[in-house]
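Please find the structures below.
Shared between the two complexes below is chain A, which pairs with chain B and chain C, respectively.
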Partner chain A sequence: MSIAISEQDTNLLLTTKNVLEDTVLDKYQLAGKITQTTLQYITSLINSCYHDNNKDENQLFSISQLCFLADLFMNQLLNKDFKGKTLEKGIAFPCSIDIDEISNGWSPELGDTTFMQEKNRDAVEKNLSSGIKSSLKNFLSVGDLAKITLGCHIDGYTSQITHTLCVYPTEVNSATGLAQASGPLLGAKADAAAIAHIAKEVVVNLLASAASPEKLPESLRAINVNGEAKVTGHLIRKVVNHLVESYNCALVPGSKIRRIRRFLAGQNEGVVAEREFKGCVWYESDQETAFLNKSHQYQKDLNSNEQSKALTLLQNSENTHENKQKSAFIYDSAIATDSFTVLPGEVYLVDLKIVSLSETPELGLISVETLSEFSGTTATGRNMTVRNSQFIRDFTQLKDLKLRASRECLAKMDKQSVYPVKLTYLSDEYQKLTQSPIELNLQNINYTEEQAIITKENLKSRMGMNEIMDNFLATSKAVQIVKYIPWELIVNLSNPEGVKSIDAVNPTLPGFEIPLPKLNISALKLKSLFKHADTIPLPVAREACTVAITDDLTYKLTHSEPIYLNSNFELNPLESLTQGVYQLVELAKDSRFGIKVRTVKPLSDKAIRSEVPDMTD
Partner chain B sequence: MPSKNSVNRPKQLANNAKKQRKAHQKTIFRNEYGLNSKNSAVRGARARSDYSTQLEIYKNEYKSLEVHHGRLTNLLSSKSLSKKRSQKIDRNLKYVQKRQLLKEHMKQEKDNGNPNANIYSTDISVLPSSKVKDESLKPIEVVKSYINEVIANGKQQSLSTGFIGTNGTSLGKATF
Partner chain C sequence: MNYTCNACWIQFTSTKDQRSHMQTEWHRYNLKRKVADLPAVDEKTFNEKVTKINETKKEVDNFGLKTSEKDAKLSPKDLKKLQKQELLKKKQDLLELAKKQIELKLKRVQDDGSLTLSPEVEKSLADKVAQLSQDIEKIQFKNKPKEPISEEEIYRKKLANQVQFKEIDCLFCPINSNKKITNFEENLEHMSLKHGFLFPEETYLADKNGLFKYLSEKIGLGNMCLCCNFEGRSTESVQQHMIMKTHCKVPYYTEDEKLEISEFYDFSEYNKKSRFRKKYGGESIEEYNEEDEEEEEEWDDIEGDEGDEEARGELVVTRRVDKSGNYYYEDDNGIDYSDAIFNSGDKLYLPNGLVLGHKKDLQKFEKHTKKERTVTEGQGTVLAAESRHFITLIDQKELDEKKRTWQKEVRDKKKHEKNYSKNANTQMFYRDQLLQ
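On to the complex of A and B.
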């Protein structure tokens, strides 16, 4: 459903307000600063309890507490008086801590753990994968790859960060007397985490070179049509695919590098179709195409003069995606294609989810499974029943609600923004807490009483939210895990009918509803395979950051340092693409003649403490 | 004039007269059109035995000819073919063709000196099957064949696409 908006307003919302002038850039930078400061805060929280051998289990912060504390900290920061930038601000992405194979959406409420443990009573412990085990326990364990996702917006200008952390076994450094990791992260998790970090940095440099495309290295230029010096979607995709393959890894469906605009930061993908979508997205269909390209017969058939009838039919069906955009009837700029050029004055989100393939026994497809909220659907005993915690208001829907609790909940929700909210944000006690001063001494953090009150208030909101969800006034963000499915299973799947349906529950970007278009396998059919014993959950590494490109300088709004790891793989220096990447990185280091990237720094301690932070530093 | 339902209306008389008038009109039309005539010289004449409106519609050859005010006119017709009828015609035509084949088949048999060959037989089951199997693959099957090829290749060689050099990759530092 689309809402009718006058052309003037559309221009104002989509164009005028998105011109990257100084005031807008300031807001983006502030959002970046706050996001980074919160990441620093939660990292130090995790280090202080999980990397400290002196703490026993009772002193650890649980995952739900960590999420709560990070959100609270971010809200307290946002509530400060930033001069002239106080229009509308808030959390854009509730803090979520996704462990191992969980790729997104794990941000439990304070009281949710008991509920979920009760719901998953029947799950067989030994069948559960590591991420699900830790998530159910609600505590991190050693070796866990924890992906922290955060984000905030200032007047709709959004910054997001996702950083992969690892829980290490620790030892005390004899020289400094401080705790440190006893060894680097190794194996499949290290491969994925390493390339996620490297790919993110390379893509940032690539995006930054859009301001001065003439500096693009020759070998990267050669990828473009006619060797043009510009940063296109094709170029970005080719570079990322090359990097990921060099580490024997694969991109998880849903990874993307996309332009963001005011209030349009990808928080509502699949629910709201954005006009003029610009960006590279990776879905199962890309893996299908890449897999087919490996076939010698396919290459031979493609190149032979006499094409088979079937191949012609196949190619015709391939073109439909492009045609969908061209068609006059359903002209839809919401469908993503790679034929775009990155231009200065745009803001991009780089969000890469990567899994290593070194533990997969055969060639397979990487896909994501949505964990269900209803028990009884997990008869395999290998999955868990979850409780979704992030809700997004769907403003196209109107309905008079029956319960008082629902009406109250909806009224509070409407006051929040178009970004996802957690039930905690709707609690009065929480709102009171956000006005209180920030507690910077981690030892003193103790919100036991407040947490109890919030948990109680959440119960009421939960009841209201149920009615809201039943009437489609809001949708919830799903918890998804990454799974590997052997191609053999997919090929042998009985699928006589072909595509007949799309999965309405799992939103994808428009145009990507059918995961395997050449094999004619729908999302629902693919879903049926997740139950099979041969599918394996894979630990995923995720890195995300926001980049604002201006004519003379590129601002990296959110930044994170890599974790301590050691991977066997490296880039092959003999390949021309690798050479191009090396040259690009060299250019980024050259402060005089290279690509200019400025990393936005987190807020200083002084700024965090003061009521009216001075932003001049 | 009394209405149709009034008590004193001479019903039988009027109804019969109407029916006869219609029948008479029809006879005139058929005669004029040559449908009752064996003389093929009559304009637009069609042999009565072959005539079937439904078959005409099926073949898309039907020309609507109606008697309008006692004259033959070429108007738009409201005559249509039901789905069931068209299926029946479909089937019948298939059998007609088969019987034709059977006739030729039996003739050939008889010429070859088969004493049991009956050229008037209608038992089409003796005909050899004429179904031609579609050998061409469907797009999905082609895709599957490509994928199977890659799977088979993958079983013979290493799956890894990664590059292992001398140094590997080390990132980050041990301190928190």
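On to the complex of A and C.
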């Protein structure tokens, strides 16, 4: 049986409900407030145990516990009686804590650690990279770059935040008697974290200037075709690339700046081919283009009339790639291009993942490797086996399930919204907990009994989930790590089958299934390279926020303060793009004439405590 | 006599009189009153009113001569306008200045890449900005409106002015004016005869005194009209309003209006009757007990709440015989279903709307109860945005049928809306809200 949505309903759901009216804006703002409050909460949780020398190993919260507590806190906040009826509300992005080279998806269930430690018994300790080590230990360690991702939705209006934190070694300040970091973060991690923050802020300002494009600085305007005063995808890409390059960094494939709509906040990427996609995305093919542009031979071939054999081959493969794109999708609007214009009345998600290239020996490709339950079974001992914890329902698939447990699990999943769920959310005990009042005193947090019950209930759901996944009724959100592959390895690779093979497991946006179309390398070929000894996992910094642009004011729904770090790089003020960026920042500072950006504040302490919070502040 | 004036409620002996009357100011005044739904005034009252207004006008004129000419020209409205213009101009200046400042800074960035201005320029600009913003604040402070009275204060005032109605007081006549009425019934009769006031659906009115008390409080304490949203300054003004506009009635048409006074009514009798009439055309309640012959029967819920999976298929009612030989119905939890209103042989109709089917028909019902999948808004949005295609999934025939259903749904909805708006318009005449 098919499910089709009538044209009127489609119009209503995709257009009418996305008009940025006051009520909608209020819901976005509330979602932003709750997201930020939860970020504050988890930050204070981490500070209270990992930045306190007096605590020993037993008193620390593990990563899975931190995820659990953050989710619980957010659910408890959402359950409060906020004014205005909402149909659906809930967690949009389960709290995940990704350490160093893990770029997304690390949100272990309470009982998962023992399973994963058991599975990874064969891994050679000294071969493992730092992020994997900490993640397997289930505790943060000093020097870790921890990226916290959170998100919630009110009636489908979603806000997301990702913030990069660092675990510092601490010392006691003689003046105040409080523990403080003994020094700033330095080196490659600092470079990446610094430019991630800067780029995020600049992009927010750039998006905000879409409401009054006439104020766009001259040097930025010049990037557009005919010097038009509007914010285009092309301009955004140029600015971000410039900023990242000047810090000797690179964008990780999967970074994006995209428009989000009601219930379509990027949670379904790779599963659903969303029509009318608007946004900039960075994939391996961008790095490939940049790399080829550096090659003298390639440039010479392009300019000469006599086509060389290599170029013909390249162009052929390019053509087949384009044909493939066209044949695969009727709706071209599902494929992301840079030729869009940012308009007021839209909401954007800025999600940037950045790695520093200062530790790489030569030119190379930055790519992401997907970890799965089978990825660790190689002889090298460098990989990790993981267990996916976030599941997303694919509503287009229908099937009658055989097991009672899986039917129950599916029914519970359907009751949750269209966002990823963890097994914990399906547990009855957890639902009971979310109704209980919030425990604000961090010393008193103790859910030992409840955690044991939830772990037991998860076992049952896990069994059901296996059948659901086998029938493709749901897919899991992948855990990915960022790896550097030298170009030399790739160029020497032969791919006689051509680019026809597609890695169906990897969640990419439509049109980007083939990572290196010009070099004729398919996803599966690239995957085989990850095992090579010359690849290096790189620590990644990630910053994300949501921005709602209205005609007169731009609301920055989620906001985070930069961390304590020191980078050796700085922007070169003599370049025209840098000047444009400086001018943009200057405009954003001015409250009267410049670009108006309002940062949505987190909920006050009073509001968190009260049953029916007053939203007027 | 055939010659009348409907506006002034008078009669004439000849057309000439009528024509000359139509030209008088008095007639014009009454015409305006008629449009505003107000009763006519007689000539004497009209003349009194005219003289009163003339006197006050004279006083104002005399007073006006003493004041200076300049103030007379500028009405308060004009003054406000001027102030507003001044404020706007100041604000514009400020914006200009800010623009200039930022442009200077931007230029500086372009010249040598530094982000600060020279201290003198910055200081002078900042001074100007401060001066301008101070001016603006001053003007705004002057223009600040008086603080509105708090809700509590209004309530306290109202409580102080409350008028208590006794059961023998007419709701619409000035209080204590009618001494003849001695009891509640007489009072009701007076109100229905004199003012045309009747309680809606009086047959099902359970608490007449309560409703009367509620209405009297609405008038005495709230100073509200029973019929429209008019709120008078005092009880007398509301009473005047209701008599003048013939608003001496309780509206009972929309859901809200019904709910407002629903606590005084008891419709259980009516509901019982109507449901029974609808289903069995007037069969009596006792009938079902005598028909059954089997000693133990089991009944399953078939038309239960569809969303609730647990309830469906699990409600089992068993018929048992108690000590005195009477039948009674009971489910597994011991809840009594003896008050089931009808047993049609293979179905048991319960008073709460559930219909129980016999267990022997279980298979038949199960086939039909397969739920259609309901899609929430979130799922719908994701599905609507989906642009992958699934060749096997779309069944053209089914889709066509669905499309037809959707079209019909939309048509029906439009039709319903049209019918509703047609029927809901019960107002006899158009009344302009501004002229009340």
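Please note the rule applied: the second predicted complex is superposed on the first by the 576 of 617 C-alpha atoms of A that agree within 3 Å, B and C clash if a C-alpha of one lies under 4 Å from a C-alpha of the other, contacts with A are read in each partner's own complex, and residues count from 1 in each chain.
Basically, a contact is a pair of C-beta atoms (placed from the backbone, for glycine too) under 8 Å apart; a residue touches a chain by one contact, two chains touch by 3 or more.
Keep in mind it's a predicted model, so treat the numbers as computed, not measured.
S.K.: Determine, for the superposed arrangement built on chain A, whether chain B and chain C clash or fit.
M.R.: They fit: once the shared chain is superposed, the two partners occupy separate space.
S.K.: Looking at A:G156 after the superposition, I want to know if it touches chain B, chain C, both of them or none. Which is it: first, second, both, neither?
M.R.: second
S.K.: Rounded to a multiple of 10, tell me what angle the C-alpha centres of chain B and chain C make at the one for chain A, in degrees.
M.R.: 110
S.K.: In the overlay, answer first, second, both or neither for which of chain B and chain C A:L178 touches.
M.R.: A:L178 contacts chain B only, not chain C.
S.K.: Could you tell me if A:W487 is touching chain B, chain C, both of them or neither one (first, second, both, neither)?
M.R.: In the superposed model, A:W487 contacts chain B only, not chain C.
S.K.: Which partner does A:V204 contact after superposing on A: first (chain B), second (chain C), both, neither?
M.R.: neither
S.K.: In the overlaid three-chain picture, which partner chain does A:L587 touch, first (chain B) or second (chain C), both, or neither?
M.R.: After superposition on chain A, A:L587 lies in contact with chain C alone.
S.K.: Which of the two partners, first being chain B and second being chain C, lies in contact with A:E561: first, second, both, or neither?
M.R.: first
S.K.: Using the touch definition from the top, say if A:N268 reaches chain B (first), chain C (second), both or neither.
M.R.: Only chain C is touched by A:N268; chain B is not.
S.K.: For the overlay built on chain A, what is the smallest gap between any CA atom of chain B and any CA atom of chain C, in Å?
M.R.: 13
S.K.: Jot down the residues of chain A that show up as touching in both complexes, chain B in one and chain C in the other.
M.R.: 573.
S.K.: Show which residues of chain A lie in contact with chain B when the two form their complex.
M.R.: 47, 51, 173, 176, 178-181, 184, 191, 194, 197-198, 245-249, 291-292, 294-298, 308-311, 313-314, 317, 357-358, 360, 362-363, 487-488, 491, 495, 498, 518-520, 561-573
S.K.: For chain B, which residues are in contact with chain A within the complex?
M.R.: So the residues of chain B in touch with chain A come to 136-151, 153-155, 159-165, 167-176.
S.K.: Could you please specify the touching residues of chain C with respect to chain A in the complex?
M.R.: By the definition above, chain C touches chain A via 94-95, 98-99, 101-102, 105-106, 109-110, 113-115, 373, 375-390, 393-395, 398-399, 402-403, 406, 410.
S.K.: Can you name the residues of chain A that touch chain C in the complex?
M.R.: 1-6, 8-10, 13-14, 17, 87-88, 156, 217, 261-264, 268, 272-276, 329-331, 333-334, 395-396, 398, 414, 417-418, 510, 573-574, 578-579, 582-583, 586-587, 590, 592-594
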